[in-house]
């Protein structure tokens, strides 16, 4: 188990990368730190590794306080974004390096390296240098090196970002399966929400050194706690529209929608609905945002339609065959069961039914 | 894009003329640079070497003259000791310093490096020969190999640190961090990871230091009076300036033998690592 | 990002840097400072003043500056720097780099190899090669030109060492300009050529603006090195009658030759000060360039023709 309490990291120069952060990660969990670049996720990972010393707060691994323990004694293994495979060593020596540092005899460590390599189907390239390997193979060697020393915790820094798009999907499936089999607590950093949703048991969304939301992929996708999370999660950004409460009606971008209970007259709200949960109507409706069709983007099995309503843009995903013509009037209908209402930057509970 | 317009007749003539001028220029440049070196290529193998270039009457006997001279062979050994010693000292000290400066944030680091580089480019042998002579005198370093090694190293170190720091800055820190997470200590990291990674840089520095000290004249000329300790550069100078008729067969053979290591080293570096161009590397 | 990737720690880092700093301090920085002190004394290599040097203030400086030999030497040095570095090395180096820019293959390799060789051969060797080349009796040049009895080193000592130093040092300029020319996008030159620009116009309008920084760097460095170059001593030893006694040779002759260490140190300090001006200009230049990398500049179009 990894437990972080009141963790703060301020860099010389005053940049606060991690700000009073509390987090518990359970044994065997596959945990994602997700956020835009500069949100502090990598600093957090490096602090768990011991490569950064926190300004204040504590880091615990497996029940022991390791806040001041040097990285080599924390029993963690890290895979770096660039893999950090030593270019002057062949695959065997790279995988065996952690064992070499632990003074394991040469034959033993080479045997272990070979066994680990076999598990990751690297047996054919044991004598190659990293420069002679493809990106996917390099990534597996880096994983093998991390596995070979049987650590308590795996730390992955953007493990898939250096692979091309097709390979990334393959490697994603592979990584998830490997983690299940090894059942070792794993923390990984990513800026790709799709990767986080696909891989993780739980996700922490970070911004400005703070946790915005921690939860399962389903929770985070369906009930993002703040407009920031809402806009960050999802393949197409969520429609976030300003509106006002008047009585029990929400007035949002020309639509009149039923207000959820608990709101007071005159409140300003942000109305959120994903393009996937927005339908198009060709005829006027009160509960829809009126506008004209401005842009159409083909997504393959569907189309992403952008409706221009005055200054605001609203996007809807329309199934193939149902595309409206460009320039025509259209009404974007939010599916109210999936829509979210934010007041003062927090999700207003309960969600409207 | 359209192809270029067909050249008109006048343009064609102009083109021809400019090509001709170019070839002539190349020929002159080639002659200018080759002419002085022809002697070095022919005279060592000429049975009766004169001062001008002539087709040699081939012989290797001139190299025998080196054995007869009391100082010639010894001076090459002195050159090896002095150049090798300085190179070893410069490589080890500059590698350690560059590594620490590259990896640990020290306040004023860049200013310090610039200051050192500034010093090394202004405190030339020319500008500092008087105090260096005095200093060596007082430290009893006159006529010692150590004196040459220390004085030349002092001048080479700033640029060596600067260049090596560049090399080290260019290697990602993730290699070292990775090793560190696996439990390697600082010295293990230095030896297992950093030294192999910057080996081309270390080789460049070594070759550069050897070449600099091997060919250097002024400091050695000032620091060493005893011909027993004098390196090749000083001995060669005394060979052709001492009174009487200079022994051309000895000078020719010795010049070639003394030049060869530097040339071989440059060839080695340029084929192995590609000729890396570092502005201001030669003092 | 991190201040200390390998976990070195301040203490170990200091221990790593210290030996180099000590060596530099003792054999580079200290001599420079000591030059200042020695220049203020009547220190001599031998005799009474050697045992008990007296501080004589600025006497050495006023003596040196008032000395005709020093003034002459300074003037010769200016000729040497302008003639061999700025005109000779930079001019020839650029000419070679420019003519070789599109060439690959044996011609380029031979030319570059020869130019480089003249740079890397040890000084005493090339000095003798040039003595042999320029010798009055049977030197190669006289044989070639059919001008026997022409004692180049005695009759034209300055010209000789200027040509010699051009030969010796062109390699650096050639390589620097070759590297600089690689940074001139071929499309820019082609645009200028399509617009009908002559070679001179191409050089002026397209090439020069892009390599301005390199040119300045080059001129400063080779001037600094040439200013401090002692190799001509091996050819002429400053003679005959001091007609090629450039400052480095002057300092040697005065300080070590005549044993007037104090005067030598004073002149050394003047050299240091001049070096400092060159070096500061150079450092300013490279720092300025690092701060603002020259933005991509479109060649000045001169009407689509």
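Chains: A, B and C, in written order; residue numbering restarts at 1 for each.
Here is the rule we go by: contacts are C-beta pairs under 8 Å (C-beta built on N, C-alpha and C of every residue); 3 or more make two chains touch, one makes a residue touch a chain.
Everything quoted here is computed from the prediction, not taken from an experiment.
Ranked by separation of Cα centres from subunit A, the top chain is C. Each chain gets a centre from its C-alpha atoms; the one nearest the centre of all protein C-alpha atoms is B. Taking the mean of the C-alpha atoms as each chain's centre, subunit A and subunit B sit 54 Å apart.
Computed centre separation for the pair subunit B/subunit C is 15 angstrom, with centres defined by C-alpha atoms. Per-chain CA centroids place subunit A at a distance of 58 Å from subunit C.
Chain contacts: subunit A has residues 12, 51, 70-71 touching two or more partner chains. Shared contact sites, meaning residues of subunit C that touch two or more other chains, fall at 2-3, 5, 7.
The residues of subunit B that reach two or more other chains are 105, 177, 179-180, 185, listed in rising order.
Residues of subunit B that touch subunit C in their complex: 4, 18, 22, 25-26, 29-30, 32-40, 43, 50-53, 89, 93-94, 96-97, 99-101, 103-106, 114, 116-135, 150-151, 153-155, 157-158, 161, 173, 176-177, 179-180, 185-186, 189-190, 194, 211, 214-218, 222, 232-234, 236-237, 240-241, 251, 255, 258-259, 262-263, 266, 277, 279-280, 282-283. Listing the residues of subunit B that touch subunit A in their complex gives 105, 172, 174-175, 177-185, 188, 192-193, 196-197, 199. Listing the residues of subunit C that touch subunit B in their complex gives 2-10, 12-14, 16-17, 19-21, 23-24, 26-32, 34-35, 38, 92, 95-96, 99, 107, 110-111, 114-133, 135, 137-144, 167, 172, 175-176, 179, 194, 199, 217, 221, 224-225, 228-231, 233-234, 237, 247-248, 251-252, 255-256, 261, 264-265, 268-269, 271-272, 275-276, 278-280, 282-283, 287. The touching residues of subunit A, when paired with subunit B in their complex, are 12, 49-51, 70-74, 76-78, 80-82, 84, 86-88, 97-98, 100-102, 145, 149, 155.
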